[in-house]
Amino acid sequence: MPTMNFAEAIRDALRIEMERDPNVYLIGEDVGTFGNVFGVTKGLIDQFGEKRVRDTPITESAIIGAAVGSAACGLRPVAEIMYIDFIGVALDQLYNQAAKMRYMFGGKITIPMVLRSACGAGRGSAAQHSQSLEAWFMHVPGLRVVMPSTPADAKGLLITAIRDDNPVVFLEHKLLYNTKGEVPEGEYTIPFGQADIKREGKDVTVVATARMVHYALNAAEKLAADGIDVEIVDPRTLSPLDEDTILDSVKKTHKLVIVHEEVKFAGSGAEIAAMVAEKAFDYLDGPILRVAAPFCPVPFAPSLETEFIPSEEKIIEGVKTVVQG
Amino acid sequence: MPIPKKKMIEMYTTMMKIRMFETKVSELFAANKIPGVVHLYIGEEAVATGVCATLRDTDYITSTHRGHGHLLAKGGDVKLMLAEVFGKKTGYCKGKGGSMHIADIDLGILGANGIVGGGPPLAAGAALAAQYKGTDGVAVCFFGDGASNQGTTHEAMNLAACWKLPVVFVNENNMYGLSSCALNTMCVADVADRAAAFGIPGVVVDGNDVIAVYEAAVEAVKRARKGQGPTLLECKTYRHRGHTEGDPGTAYRSKEEIEEWKKKDPIPRFEKRLLQGKVLTKQTMESILTTIANELAAGEQFAEESPYPETSDLTTDVYVD
Amino acid sequence: MPTMNFAEAIRDALRIEMERDPNVYLIGEDVGTFGNVFGVTKGLIDQFGEKRVRDTPITESAIIGAAVGSAACGLRPVAEIMYIDFIGVALDQLYNQAAKMRYMFGGKITIPMVLRSACGAGRGSAAQHSQSLEAWFMHVPGLRVVMPSTPADAKGLLITAIRDDNPVVFLEHKLLYNTKGEVPEGEYTIPFGQADIKREGKDVTVVATARMVHYALNAAEKLAADGIDVEIVDPRTLSPLDEDTILDSVKKTHKLVIVHEEVKFAGSGAEIAAMVAEKAFDYLDGPILRVAAPFCPVPFAPSLETEFIPSEEKIIEGVKTVVQG
Amino acid sequence: MPIPKKKMIEMYTTMMKIRMFETKVSELFAANKIPGVVHLYIGEEAVATGVCATLRDTDYITSTHRGHGHLLAKGGDVKLMLAEVFGKKTGYCKGKGGSMHIADIDLGILGANGIVGGGPPLAAGAALAAQYKGTDGVAVCFFGDGASNQGTTHEAMNLAACWKLPVVFVNENNMYGLSSCALNTMCVADVADRAAAFGIPGVVVDGNDVIAVYEAAVEAVKRARKGQGPTLLECKTYRHRGHTEGDPGTAYRSKEEIEEWKKKDPIPRFEKRLLQGKVLTKQTMESILTTIANELAAGEQFAEESPYPETSDLTTDVYVD
């Protein structure tokens, strides 16, 4: 299997789908000649031309709206919001329009679109360029929320997203773009709502998303040295959420730690914890812990940003707390 | 080019259908048969009628909270609309949408919209789809004077201008956004002046003169079909009723102003023209009205007798599986 | 004590604060002559004039932005977004600007503003005029989130909100506007982060917000007949959240049901459940249940809307499930 | 009215301070001493300088992601800015904001802003505060050609127009929003044309001519102070560097175009004028540059030697207690 990085894997998925279906097109700021600020769409305009790789003015409501409207009329747009932090100027088009149209219209309209966006902290980009916000999107009926952690997952999930007939929010952690992994050639899909067990273990379940999957894997290696065998569950899609895989793991390990990068309070981990506290309470040995960002905006200074992002150490500490009771 | 007689009659029929539909809705609302709120189009019929008379079934429209007129003019079915307004399972949206969210994708109706300024970006998207596919389809975006202040509207006009999208932005300037008079919410004489910000033509037309609206729309739609890009077409009009049923509409508008505008009612005006031009006789008019009345009565009965959606319908239609 | 309804109590608070502090002003759509779509601000323009009761164009980003900017420069705006559903066209000004400015600027700016908005279902207003969205606001560091359930709470909390130096989101359930209650005369404040025990009980804790407090109270009366003694905790502010009062109640009853009107998935109740599953796990007798809206937009038809909104029956059922194990 | 000599020298000093500050930041960034990204103002100095030279300390500005020039022109402290750009605890924002979020409320600087179009509504709010309090304070909103497409910008201009708010919208048209040429993102010749949508004056000025900018700003600010409402003042300029440091800026702009604009560099142009007008001698210029260089060196040292914030600072400053 070829090795490629996360950004390349996404580009690969885009290329495959654009070759396959002439109705798939890209729309966003600087996705054309510039090839996206992280280089993700580089070269696609050369292959597919300006019609299918559409640079827009800085006008996010129009970007999403154009995607929604054209999706309603038969196209399959892949829209890009450069950083997910910018969604606030355009959220209406996503949650009141794209997500609700099908329901409001009694099932008589289909909005097959993907909204790709870079998320996450770690590049010194400060409070308005580093958020994740997946909890917000989870809370919106009608949206799918995807958050891949590896190049192979990113590719397969993006192909699924583009083929899916629902509006999908596809969150790409910007510090993953340069991470490498083996990626199957050609087209393949990964079903939504199917978590992946990134590491099997028997002592404690760690549910982690996006970049935190890798932190958790590193933590697990170190914990193994201490005799703690960690199972790592990567939901991959937060909506739909694969409750069964998480519950099965908890039923096996009886212990749960949830790790995500976004702010802990009312974050995505709250839903996972609440779901387990309802559906597998009797299997739990002790408290459910969340290791996540504290309740503050993302700071600029490296010393603070590093502290803001959940660390391997904090994951290890969290796991030990839960295991040692 | 003179407007064919058939088109004139079609427009008269549409205007009357809207007026009678809205009057019926008003009565039904007063009789507590309609849940939620309704925003009626009475007084503004010439706009939707004149514009939609220039469109094909395959063209698109985006509508507003005040959508009944647009939907009827684009061919919306009275029965399905009434049933939806009642919240019945047989309605356009199975009762899930209601007055503010009726759509008919087969007729190119991309939905009424509860968000002021929600429609313009969608219209740009529909126009993009037409352009992308190489059809000569057009999208029409109806929006109010109030909506012309919303940032999303500006963004949509700008994007449409940049890409020469086949869209006509039809501003229904009824002088008020809820209680706010346009004199206090914008410092330009005409909403059409805003076209200058995007380098597109801005046209002002008497929105209570269906012929004038039609003729201006023909031009704008032609431009769009030919790939020459969007037009901002402002239609000056007035709503006779309050913002919603229940709002007397007099707290922020003088009785005199309302009376004056009622004198400019687009319907008698068009009737007079049709009679004078011998396009229709009093008698044929009567028969048109009877047909509409019958359709409405049948629609009302259908709506009344239809069942409400069932509990099991609550969580369907959220996703395509 | 005089009796007044919820809308009057809010108006009372606005009037008191406007009389007290000339820098307090109102800004929003139709708040002037029209007196707000629910009549909340009726008459205030007559007393305070157009300078202090400012009707705006339909332009929510400018409304919030004007509030934030003027708050930064010494005023104390009370901005109104007619329905909280509309926040999507203007959210940036709230979460990226108002909420983060203080932190981003190192504590050197103060944004004393209140954003009032009507929330909630039950009026046949359908998907774009019936949401609550409190979970979104909770997730934003820098914001306060208030959700009163009674006229007296509404008044005291709004006065606190106006005097608070932080941006506050104040959510008013539209079906509460006409509900009556005793309201102390004159000025008084209710501190943020102080839950109110709306009913004492020993068998089970029900945490409920806004309109659901009343549903829970009715349910509790019926449950009492079955010998189940329910304690009802009304957080009143979701951020800050009074964890202690909730935890103390759970430590007493050992059982927890959370009731809110917004969609259950990733809703406000998820945080409360997760918090308890972490901090009072050992006191819990069994699963934590959430009684909340299903995962769909708010439907229009009365038959569906009634089903969408958590009912007394569902609360009773939830409590019985938890009590009977 | 001729511009006082003192004002001319002040403007020269400001322009040079910005140029030298940005050059320093560029070097420090290349040397990996600055985290995150920086957007430099080199080539555009005449805009911030000319505009801010008309303002008082008590006036407000809102800035952008490309904010260093605005901040320095409004009186921002070099030491505190550099320390902030380094992410140090001694910086303007205790290291929490960084380049894109520097503010100094005492100088009326309501912050750089990471959101394109984030500033205009805030500027309207600051102007509202001034009007409300009855001061003759003014707010200036700097925003780019790219930002002129954002809906929030339109909303702010409209609200300011309606309320005659004392705000000057200063558009810095450097022809690009990141990689997108303004020719592709708007269909008007000048951003100033957009003023027509709001019924306010739209003025175009050579943004590389600090005197022209100053004179136009004097007029716009005067209007605002007198209660005559907002102006949209467009300054045509060009950024010499890439969008951010690290972007060569050549993937979307031709070398020729860049070279041509470098010939229009506002600084040599102003220098020539000052020398010819005998406002300054080569020697006094040198001494000004030395002073700035010293200030920058001291600032750099201060920034370098300052500590990073501590872990315990992470969650402070979120709320006022």
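Per-chain numbering from 1; labels A, B, C and D assigned in written order.
Keep this in mind: contacts are C-beta pairs under 8 Å (C-beta built on N, C-alpha and C of every residue); 3 or more make two chains touch, one makes a residue touch a chain.
These numbers were taken from a predicted model, which means no experiment stands behind them.
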item	value
Chain whose mean Cα position lies farthest from chain D	B
Between chain D and chain A, distance of the C-alpha-averaged centres to the nearest whole Å	36
Whole-Å gap between the CA centroids of chain C and chain D	40
Interchain centroid distance [CA atoms averaged], chain A/chain C, Å	30
Multi-partner residues of chain A (each touching 2 or more other chains)	56-57, 59, 61-62, 85-86, 88-89, 92-93, 96, 103-104, 126-128, 141-142, 295-297, 299-300
Contacts with 2+ other chains: residues of chain B	93, 95-97, 101, 113-115, 118, 149-152, 155, 158, 162, 184-186, 318
Overall pattern in which the protein chains touch one another (line/ring/star/complete/other)	complete
Complex contacts: residues of chain A adjacent to chain D	29-30, 32-34, 37, 55-62, 85-86, 88-89, 123-129, 294-297, 299-304, 307-308
In the complex, chain C residues that touch chain D	23, 25, 51, 54, 56-57, 59, 61-62, 64-75, 89, 92-93, 96-97, 101-110, 141-142, 144, 164-166
Chain A partner contacts - residues on chain C that touch it in the complex	61, 85-96, 99-100, 103-104, 126-128, 133, 135-136, 138-139, 141-142, 239, 241, 262-263, 265-271, 273-274, 276-279, 281-282, 284, 286-290, 295-297, 299-300
Complex contact set, residues of chain B against chain A	60, 62, 91-97, 101-105, 110-111, 113-115, 118, 120-130, 132-133, 139, 151-152, 155-156, 158-159, 162-163, 316-320
Residue ranges of chain B in contact with chain C within the complex	35-37, 87-89, 93, 95-98, 100-101, 113-118, 146-147, 149-152, 177-180, 184-186, 251-252, 308-311, 313-315, 318
